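Naming follows writing order (A, B, C and D), and every chain is counted from residue 1.
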Amino acid sequence: MKTGLYPGCSLTGSARDYNESVSALAEAFGLELIQIPDWNCCGATAAHNLNKELSLALPARILALAEKNGLEEIVVPCAACYSRLVVTQHELKKNPELKNRISEVIEMDYRGTSRILNVIEWIDKYIIPLLPEKITKPFNYKVACYYGCLLVRPNKVLNYDRAEDPQTMDIVMTKIGAQPVDYPYKTECCGAGFSISRTDIVSKLSGKIIEDAEYRGADAIIVACPMCHSNLDMRRPDINKYWKTEFKIPVIFVTQAIGLAIGLSPEKVGLKRHFVDVKIS
Amino acid sequence: MNNLISRAKELLESKTVNVVIGYEAGPTGLARPAFITDSAKADKLIYDERCVQNLAVYLTKAEVKNFGKMAIVARLPVMRSIMMLISEQQVIGDNLIILGISEDNSLLDIASISVMQGYIDKCDLGNPSKDREILAELNKMTPEEKFSWWQNQFSKCIKCYACRQACPMCYCIRCTVEVNQPQWIPVQANAHGNTEWHILRAMHLAGRCISCGECGRACPVGIPCHLLTMQLADQVWNYFHVHAGTSDKMNSVLSTYEPNDKESFII
Amino acid sequence: MSDFEPKVVAFVCNWCTYAGADLTGTSRLKYASNVKIIRFPCTGRIDFMLLLKAFANGADGIIVSGCHPNDCHYTSGNFHAKRRWIMFKELMDFMGIDMNRVTFSWVSAAEGAKWAEVVNETVTRIREMGPYVSYKELVNKTIEEEVKNE
Amino acid sequence: MARIGVFVCHCGENISATVDCGKVAETIGKLKHVVLSTEYKYMCSDPGQTLIKEAIKEHNLTGVVVSACSPRMHEPTFRKACAEGGLNPYLCEMANLREHCSWVHEKNELTTEKAIDIVRTQVEKVKLNSALQPIKVPVTKTAMVIGGGIAGIQAALDIANTGHKVVMIERSPSIGGHMSQLSETFPTLDCSQCILTPRMVEVAQHPNITLYTYAEVESVEGFIGNFTVKVRKKAKSLDEKLCTGCGLCTTKCPQKKIPNEFEQGMGMRPAIYIPFPQAVPNRPVIDREHCTYYIKGKCKICEIVCPTKAIRFDQPDEIIELQIGAIVAATGFDIKHADFFPEYGYGRYKDIIDGLQFERLASASGPTSGVIKRPSDGQIPKNIVFIACAGSRDPAKGIAYCSKICCMYTAKHAMLYKHKVHEGKAHVFYMDIRSGGKNYDEFVRRAIEEDHVNYIRGRVSTIYERNGKLIVKGVDTLLSSMPVEIEADMVVLATAGVANSGAEELAQKLHISYDSHKFFAEAHPKLKPVETNTAGIFLAGACQNPKDIPDSVSQASGSAVKVAALFSQNELTREPLVAVVNRMGPPLHSTCVGCFLCQAVCPYQAIEREDIKTRDGKVLKSLAKINEGLCQGCGTCVALCRSKSIDLHGYSNNQVYAEVVALLNEY
């Protein structure tokens, strides 16, 4: 089956490393990923703060485009985009009137039939079964899996993993030879969008996440969200200044870790783009 | 269609079933129900746009029940009728083999009631689109317009009860109209009797109508009485989020309740 | 039409509204004498056909009243009745039969004053609406036809 | 031909002040079939009643309408009078001229007109009444109490002391329930076992009580006064008559690593065991799931050591059938355990325990002999956090209700801790303190003011382990509204009280209703808190909702009185105002078509399936049948039945139809 890919803005900008690692994995495992043609912004946080209809219409258009192009399944690596798309599908399923209204707005037929996968679901479905024979360099490190908020919440809508103590990423990590640490900060807030307006808040919150991971002896923090990554990685200098210390622990996308385990080069999976040096490959 | 015929033959030859209920072409070219008991005659079976009648109506008839194991050609409305009939204990699911027909007239592989349930779940369970349009028009009318529109329709009614006979869900051995202690419904085919008959019929199908439209098709004088039950089917969805005929274990909407059912008219 | 006095029938359950109406009496609260009560064990017992029979026999308005949700003497009769009335009202609305002539209410055994209000409000409303001509016409038409046929 | 007598009451002046009673009687007297219409000042007085009795004989009446006050007031009076006059009591109806007419309207012609209409309606109704015979049901005067906790014990003793037989069923090897696990009880801090054990022994020794432990209800059939209950006596693998309870087998059993249920998993027990030293009966059972012999086929050490040769490895489960008149469900509750809470690590941290575990730690007979030691390393915690409302009042957890007992036992726990560890610090996170009850609030104040327990109003968001401490992150919502972080040595969760395991299955066997949380439902939230919707089945204790000991005991005594009242009669007389499915000769048998939608609406499970069969057993037809013992006469099935195959005595279709017609039409 062809799987559609919705990259969203991050993967074409600040999280190109993430995009590169997703593509590298798809290539390595012979998986076809078709970028949804003419895709648009998911609306992000901005749209649903401003206008409910807009915040539903934007993702609905993306989903309608996928349907139109016969993509019954799409993978959305960015956790924020994933959340917006799933929430839209949920809202419109609940309310047929609204569904009709949104169809009118986007001037396209929207059925809501596409299956939306987050990156872990995609890995579980397509990569894990083929993984054992592909592993050449087991990722033999202690890792702290950091899920953030959007991958598992709101639980009732996403219906994915356990909201308070998620496990899926930890399980993926054990499959590539890593040892997940017992990590209480899995779903604590990283500061999210305050990255730009209130860097001090991000420094404080993300700092705690990093500090605990280091305390528990992790060699790396594993993430699946561009926002989490940029706060933990790009904002590291601010964090270190705030905490008056030198946190060294690298922050790696789950796809990058898998890439390394199957022997892809650090460049190939975008590790060179990180702000915090990744010395563990 | 060839698939259907060969499957029917297979079932009859292997004595898996004693009868296949389906459609055949009548002398005027219209489709009519066929009860095939001999595999040699299975070639008569047809399946195309002409085949609209809801065959589930026969399943509760004593003559048909006597066949024992049977197969039935079933599009979505027939399948939903069967679900209702099983849940209301009128039909034994194990006695039935469903020769499911999809929207694009191909034979479905329906091995069990639960497979059928899976198929039904994937379908659009709302009213047919042409009826939806008429309902929308009617719902725009003022109460006075609605009243005279329906009175005009009912004035044609001759109380032949074809609407009742054609409906798979009207399987009672004694209908309320046949009760005369007390005489609930005036016997005569007049404005009063006709109106109350149609109210009664619609209420008895509330939460049970599966939107096949057979009652309206059966009416010899062209009263669109199916719109009454379909309107209620819509409202059942609006209020209770239930579509009739989606499971063989469902309780009808009017014999169950949720403590937080919403209404706005009780003071 | 100013001297029009509506005929109103009340279908009530024995345990809440009938007892509530008893309390109205015990409290000597006054209400319009147009309303006459028929007692049922439970709102669950009230057949929707009886409402039609009331209209056909000349009622201009109807009150249907029982126990508040969760207070039913039989636990759930009123919940079933509620669903029945939801469906009935939708059907009547769709057929243009005026449901403003029917008051549905929950009146508990302690709500004697509410019963008086429900009755008075209903009678006032029906008085303004006038006699229920259109349903009566259905029945009268019938009688005329019969006479003609004979 | 109907011969109706109408008796118009003045009720002193209560009716006659606004209604012209003479005119009413006169007008009604002209109606067809009315052979007598008379008036009297007080119909309910002795002379008034005599008037009716004599008129019945004199005029050979077939129906009586007493036009007086509300039937809710005097219907029984007049029905009784009719019966004494020789008329079937159900041929008497009342027209409510007082509450529904004279008292609520002014004196004028319209009021008298309305009165006439009301009487006329009842005349039309009574013509269609049928003579009904009260339903007589025999009563088996043996009660069954399901559950041997404090509620069950109280109910059983109270019933037994009225002189009736009681069978008690307990699924675990000993009675005693959760109360036997408690250390001290609030608000008096008296020892739980000291007050419970004598009651347990009394049950075992009471001549009227038969006790079956290690037994469960298999099925329940029948109705009030006439239940047939099958009980599964699980094999104890022991001849109880031979066993002396010496306990040698339990000390010699090589399998000793089974988590002890009584100690809430904080201690171990052997495979052949007596749950706790004061158990009643004090006889061991073999836990076949863990016994080496049943797993591997050899061992039998207990058999070898037993001095009386009482071990029976091949003993089968036994099913016994009992005739029972009334049932008290007292199956108690369970609590959510720490592994229910993701935010607190799903039970990963050994030192986060639940309230019952704390009870065992604090109990002198517990695994630590009453010394508060934390499970991980046996250290005495210096800093302890209690979290109230762990799960309760939390719709996100699916438990929106208040578990009721936690505020009090949390205060007790904190107090017990402070009494045992004087230098320790106790913190309580709470949402609200609910301490309604005799001496309850005083108790909580004592914990705060005398024992200096630190009460923090706020919730705990997460707990995790760091540096060997449990980091409790919460918020103080009073004054500061600031986040709070406590480094605790041990955390006690006052976890939600929930329905006991198997509650749903048991409710289905008993045909009683239960709520969405699987707690058994009472028949009326205020006025029938002890009854269930199924006549003859009563509730006691926490199987209905979480309750403390005094409440459970009160309710148990309440249910015992209900049972005793039932058993005070040899036969039950029930109003015959029940539903009935019509029946007729073959081939139709009934107009019922057997859709059984009525089964779903019936709140009392009174509608059964009846198969009409040929002589050789072929089912011709299935139809609904009303069990008169269970039907309460609400009539919801009657209004639902599409083919009008069900009718209701006293409110039949014919009667209510006639009432509508009579009320609205001119005469």
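Rule of thumb we're sticking to: contacts are C-beta pairs under 8 Å (C-beta built on N, C-alpha and C of every residue); 3 or more make two chains touch, one makes a residue touch a chain.
Predicted model only: the values in this text are computed from it and were never measured.
Asks: Would you mind telling me which chain pair, B-D or A-D, is linked by more contacting C-beta pairs?
Replies: B-D
Asks: Let me have the rounded angstrom distance from the C-alpha centre of chain A over to the C-alpha centre of chain B, please.
Replies: Measuring from centre to centre gives 49 Å for this pair.
Asks: How many angstrom between the C-alpha centroids of chain D and chain B?
Replies: 43
Asks: Round to the nearest whole Å and give the separation of the Cα centres of chain A and chain D.
Replies: 51
Asks: Per the centroid of Cα atoms for each chain, what is the distance between chain C and chain D, given in Å?
Replies: That gives a centre separation of 36 Å.
Asks: Give the residues of chain C touching no fewer than two other chains, as numbers and ranges.
Replies: Correct list: 48, 53, 70, 76, 80, 84.
Asks: Can you pull out the residues of chain B that are in contact with at least two other chains?
Replies: 176, 184, 254-256
Asks: What positions in chain A touch 2 or more of the other chains?
Replies: In chain A, nothing touches at least two other chains.
Asks: Pairwise, which chains touch?
Replies: Listed in label order, the chain pairs in contact are A-D, B-C, B-D, C-D.
Asks: Enumerate the contact residues on chain D facing chain A in the complex.
Replies: On the chain D side, the touching residues are 342-343, 345-346, 348, 462, 464-466, 471.
Asks: Under the definition above, what is the set of chain C residues touching chain D in their complex?
Replies: Touch list, chain C to chain D: 5, 7, 9, 14, 18-19, 21-26, 28-31, 33, 36-42, 44-48, 50, 53-54, 57-59, 70, 73-77, 80-81, 84, 116.
Asks: Which chain D residues qualify as touching chain B in the complex?
Replies: For chain D paired with chain B, touching residues are 588, 591, 593-598, 600-601, 622, 640, 642-645, 653-654, 657-658.
Asks: Considering the complex alone, what residue numbers of chain B touch chain C?
Replies: Result: residues 138-139, 141-151, 176, 184, 186, 188, 190-193, 195-196, 198-200, 202-203, 206-207, 228, 231-232, 235-236, 239-240, 253-259, 261, 263, 265-267 of chain B touch chain C.
Asks: What does chain A use to touch chain D in their complex?
Replies: Residues 162-165, 182, 184, 212, 215 of chain A touch chain D in their complex.
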